[in-house]
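This structure is in structure tokens; I'll ask about it shortly.
Naming follows writing order (A, B, C, D and E), and every chain is counted from residue 1.
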Amino acid sequence: MPVSYYIILAATLFCIGVVGVLTRRNAIIIFMCVELMLNAVNLLLVAFSKMQNIAHPPGSVVINGSDAQIFVFFIMVVAAAEVSVGLAIIVMMYRNVHSIDVNFLNRLKN
Amino acid sequence: MDITTIVFWLLSALTLFGAIMVVSRKNPIFSVLWLIVVFFAISGHYILLNAQFIAVVNIIVYAGAIMVLFLFVLMMMNLNNLPATNKNIWMKFIGVISGGLLLCVLVSTSKSAADMNLKSIVLKEGNIGLIENLGKILFTKYAVPFEISSILFLSAMVGAVVIGKKD
Amino acid sequence: MNTIIFCIPLLPFLGFLLTGIFRNYLSRQLCGIIASGTIFISFLLVLYVFFNHAYSPEAITYFDFISNPLLRISFAFQVDQLSTLFMLIITGVGFLIHVYSTAYMHEETPAHYARFFSYLNLFVFSMLLLVLGANYVIMFVGWEGVGICSYLLIGYWFKNNQYNYAARKAFVMNRIGDVGFLLAIFWIISKFGSADYSVVFSNATTIDTAEITGITILLFVGAIGKSAQIPLYTWLPDAMAGPTPVSALIHAATMVTAGIYMVARSNVLYSLSPVSMGIVAIIGLATALLAASIALFQNDIKKVLAYSTVSQLGFMFIALGVGAYTTGVFHVMTHAFFKALLFLGAGSVIHAMGGEQDITKMGGLRKKTPITYWTFLIAVLAISGFPFTSGFISKDEIIIAAYSYSKPIFWLTSFAAVLTSFYMFRLLMLVFFGSFRGTPDQEKHLHESPAAMTIPLIILAVLSALGGFIQLPHVFGGHDYLNEFLAPVVPAFSHGTEDIAMREYYLLGATIIGLLIVFVLTRKWYAVSTFEGKYSGFKNVLAHKWYIDELYDGLIVNPFTNFAGFLKSKIENSGIDGLVNGIGRFIRYLSRQVRLVQSGLVGNYILIMVLSITVLFLVFWNQDVLMGFLQKIF
Amino acid sequence: MNAIILSAAWGIILMFCSVLVKNQKSIGYIAAFGLLVLLLGNIADTYGMQITHYNVYPMLSVNRFGLLFNSIGIGSTLLFVLASITEIRKTGKYQPEFYTLLFFVLCGIAIITSFNNLLMLFLGIEIMSIPLYILTGSDKKNLKSNEASLKYFLMGAFFTGVMLMGIALIYGGTGSFNLAASSHSVVGTYNGISFLEITGLLLLICAMAFKSSVAPFHFWAPDIYDGAPTPVTSFMATIVKVATFIAFFKLCEVRVTDTMAAVNWKMIFSIMIVATLFIGNITAIFQQSVKRMLAYSSIAQAGFMMYAIFSLNDVAKEGLLYYSLAYSLATIGLFAAMSKMKDYTFEGYNGLGKKEPALAAVNAVFILSLGGIPLTAGFFAKYYMLAAVLKTGSYTWLVIVGVVFAAISLYYYFKLLQSMYFKPGDPELVDGSVSPFFKNILIVLAVLVVLFGAFPQLLLNWFYF
Amino acid sequence: MIALLLILIPVVTGVVAFFMKERKMVRNWSIFSSLLTLLCLLALLANLAPASNASYHAAWLPFMGSQFSLEMTGLVKMLVLLNALIYPIVFVATFQRTFDQPARYYGLMLLMQAGMMGVFLSTDALVFYFFWELALVPAYFLCSQWGNEKRIQATFKFFVYTFLGSLLMLIGIIIMHGKTPDHSFSLQSFIHTTLTAKEENFLFWLFFLAFAIKMPLFPFHTWQPFAYEQSDTSVTIILSSVMVKMGLFAALRWLLPVFPHAAHTYSHLIIILGVIGLLYASIIASRQNDLKRLIAYASIAHIGLMCASIFVANESSIQGLMVQMFNHGIIVAGLWITAEVIETQYGTRKISELGGLAQKAPVLALLLMVMALGNIALPLTSAFIGEFLMFNGLFQYNMIIAAVALISIILSAIYTFNMVQNIYYGNTLPATENAQEANRYARFSLIVLSLLVLFLGFYPHPLFQLTNDSLQAIVSKINLF
């Protein structure tokens, strides 16, 4: 399976996430789209990890692709932490203004 | 076209379709559900890539924990009686266009990256994704970041308490 | 000797300081004594120099005024025959006028009285500096000094703004000339590496004639300003705003002749440039004619005299222009006598009339002010060229020299001389003959002036009548004392082998006949009991001075004012400053607009950032294309 | 390494203080003491005395550059804490947690200033950012604070995604997360560098630019700086921002100078610099609120710090350290003084020079320093930045652009001076007056600004000794 | 050591002055300080102190190649003297003024003096730049705090304009620093650095723009009338008589010797700009109704000529320039003091509202007359020497330009006498109906200045002697080609 398939798949997923961030106004959905982007990255990293694992002919510096999978692990860690904080912030916001529409967030401007 | 290829295409299609549904569903609950579908599809990819550990963690952490949290929060907020903000179709349009532009740029670089064309991925093989290998490397080479990520969790914990607590 | 010479200008300066600083404490008498006394001592010192023949071709250097490796200008005095002659005139006539002024100005408060004398002393100081200087720079120092004194004295009655404008006009017009003078000095310095007369004159022949012509013309521009020649003469009539003794001293006897002194001093240069000399002669002639024509129909006694001065200065320049330097200088001397006398006489008349200057209001003063009348008459005769008065002798010399130079100049000069006698006799008739035309109050006020005023008149009258004899033509048994005296510095006009005796006789005859005709005509026309002073037609043009002042206003002054206003409001405020402020305003405008990008909406922010990422990608990958594109634009 | 351990440990200690220590007032001082310990620990590290000798090399490379910056950052934080101790007390009842998070941020800073692996960069940035999201929203009743927090979080999360995408692509190109890794293939590359790596690096640089509020990724900064509680703004705009710049510099120093595409990068950076200077300076002119003006001013200053990243030479390295100190001291001082004002607008400052001469005077010193007037640290900071670019030999036009904007920046800086000194008014202070302790801290800050302005070698000699 | 003292005394006394409370005390303290500075300098000039005192070197930033070095050439001595001289005169002239916040006023004034001293003395580019800016900061505060209603904008414009210029110079300094073989900031290494023509031209403009704005040279002058008009006259005196000399001085010390070829290349352009400025400002001055604006434009005109003279760069022009820097300083100070007296005592600066002061205040009238005569460079006032030499130099350079430039002496007569007449002559107007003679302190300072003007006009030798070594140095450098 050519690696560029995965690259394009991940890029597309990433960009769908970006489009979601750009078009939606619900903070939670935006956040979900960010998660989508992170997953695109995860997928890409795992693909690269497989690619690096076999890409190198014998004799060259052996690069063990497991680095990338560890990285994915850390991304999940960070994502979990972010989600806990992010949802707390969104809830706090909701408590105060009873809305999670980002277009209402325009007290601070200019 | 062997079975793995078919599975790959199916999973890819599902992933992208799910992602599009996440973005385009009006009701947030549907978005969450579609997102879970995407996560499962991605986990399928991981399995296809023989990264079992990541696949399992993905389902447990993302689909299991994170998405439940999302769902919970969504349910907690009763979003149905929100005042409908005026919809700006242009904004959406421009959003899609610029996302598309970004995609074009990314795809064009990957196309120009001729070194990538030479490389391919062998599916269903390899053992780097196994928990044993990953565990070994995580507690040796990656011990420092592993320890340090505890601080991240601590701060997230403290933060969630500080922010979330009602006073 | 150096000290004595140094004291000559120093004394008036001390007088200036004393009267100036202690002006609030000095009585009028004391003030007059100090002022006149210092001049008198100076005069005595000059006489001492004169009689001891203490001349030296070498300059007396006191200290370096300006010094740098390439240029050294000393504060040095040149005491030779020419400067001595001028010093005699300045201190002599100056002293008489000081004495006269003590009486003339007696109505002023002591403080202003002292101010007047301090200015007057300062003027004498500057004038002495002008003639004593051993280089052009020191001459220029004095030159500007007399200019500023003239400014101060014209505007002496500073409450009257009209007078102030006249003063400023005089100074500014002088300055126009000074530009020429300065340029000439710089040119001289650049060519000779020095401004010393000795260096300049001894090396004059080594310089290209064209450059000499340039230098001399520029020098003459200075002279035009100072000596009120066309086109810069209009200040002099206006300068009559000053007190009459000032007019006598500055605007008749001394300062205005500085131009003649300068040209005479630079005779070596002028002799090398026939072109410049021609220009000098023609300008002089034109001025003589123009001023004389204007003087014909003026109704202000001082204005008539002022135009007459301009005209006489024209004569002097004719003399210089035709190469008769000594004659020019000689005319300066005689003119100093009779014109000072005329002005002082006029001052006496004005004094008698209680300040009235309009001759249409005068008449028949002969009886009431006899001394003034007689002295004035002598002066009129002298200026008109009555045989064997000083004016006759000097003017004849000019005319004869002009004849040798060019016939047309000769005829025109003669015509100007006729005009001179005509307007002078007109003035005489209007003031002293006929019957009194003023108010009864004025008639009651009429009186002869005090002795302090009449004695200088008498002395000057004697000088005017007899002063010419030092240069009496050979035909009449005279001897060229002055020519001989000046010979080391200024060459006399050489008639060569021409026989000038016959011309002298013709001239004598013509003068007598002419004067008789003028006398008869003017007596008939102007010795009258009523005189309107209104003219029509061409006479009106002359009475309005050919409308030259209006012309200047229209051509120069008003456009300049408008131009200045344009520069101030358009170029400066809207243009340059507007640009600078405009940049500031533009930035503020930009600020107001740019801040709108910060819309407060997260969606917009992320959108712009995503687009920026895309743009940065494109820029990165297409840099060559972009650079090529940019290069095409710029 | 000392700094990471100590800051984490002290953060945890403070966490327990909320339970153990009842005297709320003392918590600030405990934190200050902790910072002192941290500072000393870091200095000890500089001299080779470490708590543990655990080999962290592949992940972290602790070097003098990072350590010196840590000292600067910790020292500035110490001064910041001392200056805003009462303000922090007012932000709510979560005082110990506030300090805890502060220490965690410092931990993140210590990580990113010595990262040697992109994973550490990522983790460090996240450790730094997540507490900041919370700190921004720590004034929970204040809608502006809430809004700022959510905005910051959303944008931050988005750029976390961008950054990860960049790292992933770099990994794809090089097969390693090491900072100094390079591509192995020569086929289908751009001047020997994998396309994927370049694309990834570009994304990574965009993300770093976002974190350090460099235009066109600066949009979060004004809003968040404006909305966050003033002490948090002060901390974010100074120490956090310059730490990000250090990481940014470290990243580019290895990744950008090596590449043959350096010229292309210079183009990208110069666009960023001009945009940052333009947006920061021009927009600041219009602001009516001093806080918002300072927010834009911090963007403008980021533009100047970008010069270091543009030139990437020794002078830039020294200069960036110096700049971070000069900028932090002055900005901390200004924010601290501002937090005492009731009215944050320029009008609120009217007449301060008469009412509180000392406060106005130190403010004036800080403003002059930000404006880059000699004898304040700000001058040498700018000097170094200009010198760094000029040392590259070309790009003088970029320096001239910077200079023009430096002159424009005076417009808004001096507006504050004008308000304080030349306009009549009666400014209201929060508590009616300021405490002598606070004043002394500010005076210390001002003296430091002048001292470093007169003798920059006080700092820079440390770099070499 | 004295070189250092010249900076230290005003700095220390200035800082002390900030903490004084009593108006009279701080005023007397400042007068004492300024006199002390003057005395120190006079001791040096009169050779009472060893000549080694004229320079001072101390390590400052060795790792950057910068040294805190002060040196005095003749030109420097003269300008330092001007600086030291004007201060006591200004303090005495404003003896009776009650300033708002006097401690701050006097403190800032003294700091400004220190800054300008530093500019004149330093021979290290970085130190020079430091002082260049440092002189500006107190000036900014002084002009903004005390003055007329639009002073804040005016001063801001002044500050930003000059600051922009000096930042450009900073770029130049940094580039030069990189080019010097020993990576030093010292003037000597700047002079001995060889540059390609392209570099030199570029660097020349970086430096020159800073100086041109400071001078100010047409068309960079528009900050000046505004700032002079709006700031307090006592401050304007310093700005106009000393601070503008900074630009000219810097051009002489830092521009000509360091970039002789570029100076030669662009001399024609700059001379023409200078002459345009000379005429332009003179013409505009003739239409000004505001006394302070008028003097400001007159000053611009004179500066135009001086700037042109720098680039004429022959013996005559340089010598004239140096002499004129001093003389213009004292004459323009005199003019400003009269303006100050008129404004504070009669309450208006509008020329049209003034008149007849010669009757009411004859001494002031006389003293103004002396200054006015100085302004038109009448012989026997000190300005004549300088202007004569400068015009002479200009004439040697180009006859036509000199002829055009000389028109200015007519224009200066027009506007100066316009001013004198409207203020002093004519009849009194409402504003001057009850005018008093100038207060004795102002009179005293004006008399001192007038005596200086007249003495130096008659015997300029001391100035020549003082600046002779600088003349030799500068001219020998220029005459390389």
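The criterion applied here is as follows: a contact is a pair of C-beta atoms (placed from the backbone, for glycine too) under 8 Å apart; a residue touches a chain by one contact, two chains touch by 3 or more.
Keep in mind that this is a model prediction, so the values were computed, not measured.
Colleague: Enter the minimum step count from chain A to chain E; a value of 1 means the two chains touch.
Modeller: 2
Colleague: Farthest chain from chain B, going by the mean of C-alpha atoms per chain?
Modeller: Greatest centre separation from chain B goes to chain C.
Colleague: Which two chains does the highest number of contacting C-beta pairs join?
Modeller: A-B
Colleague: Of all the chains, which has the CA centre nearest the overall CA centre?
Modeller: Central chain: E.
Colleague: I'd like to verify one number: the distance from the centre of chain B to the centre of chain C, where each centre is the average of its C-alpha atoms, in whole angstrom.
Modeller: Roughly 101 Å, centre to centre.
Colleague: Which whole number of Å gives the spacing of the CA centres of chain B and chain E?
Modeller: 71
Colleague: So the centre of each chain is just the mean of its C-alpha atoms; given that, what is the distance between chain C and chain E in Å?
Modeller: 36
Colleague: On a C-alpha centroid basis, what's the spacing between chain A and chain B, in Å?
Modeller: 6
Colleague: Any chance you could list the residues of chain C touching two or more other chains?
Modeller: Within chain C, residues 595, 598, 600, 602-603, 606-607, 610, 613, 617 contact more than one other chain.
Colleague: Could you tell me which residues belong to chain E and also touch two or more other chains?
Modeller: none
Colleague: Would you please write down the residue numbers of chain D that are in contact with two or more other chains?
Modeller: Each of 119, 123, 126, 130, 133-134, 137, 140, 149, 151, 154, 158, 162, 172, 196, 198-199, 222-223, 286, 408, 411 in chain D touches at least two other chains.
Colleague: Touching pairs of chains, which are they?
Modeller: Applying the touch criterion to every chain pair yields A-B, A-C, A-D, B-C, B-D, C-D, C-E, D-E.
Colleague: For chain C, which residues count as touching chain D in their complex?
Modeller: Per the stated touch rule, the residues are 587-588, 590-592, 594-595, 597-598, 600, 602, 605-606, 608-609, 612-613, 616-617, 619-620, 623.
Colleague: Would you tell me which residues of chain A are touching chain B in their complex?
Modeller: Residue positions touching the partner: 1-9, 11-20, 22-26, 28-29, 31-33, 35-36, 39, 42-43, 46-47, 49-51, 53-55, 64-67, 69-70, 72-74, 76-85, 87-92, 94-95, 98-101, 103-104.
Colleague: Hey, which residues of chain E end up touching chain D in the complex?
Modeller: Those residues of chain E that touch chain D are 61-63, 101, 129-130, 133-134, 137, 140-141, 144-145, 151-152, 156, 159-160, 163-164, 167-168, 170-171, 174-175, 177-178, 202.
Colleague: Tell me, which parts of chain A touch chain D in their complex?
Modeller: 3, 7, 10, 14, 17, 21, 27, 30-31, 34, 37-38, 40-41, 44-45, 48, 51-52, 55-56, 60-61, 63, 65, 67-68, 70-71, 74-75, 78, 81-82, 85-86, 89-90, 92-93, 96-97, 102, 105, 107-110
Colleague: Any idea which chain B residues touch chain C in the complex?
Modeller: Its residues touching chain C are 91, 94-95, 98-99, 101-102, 105, 109.
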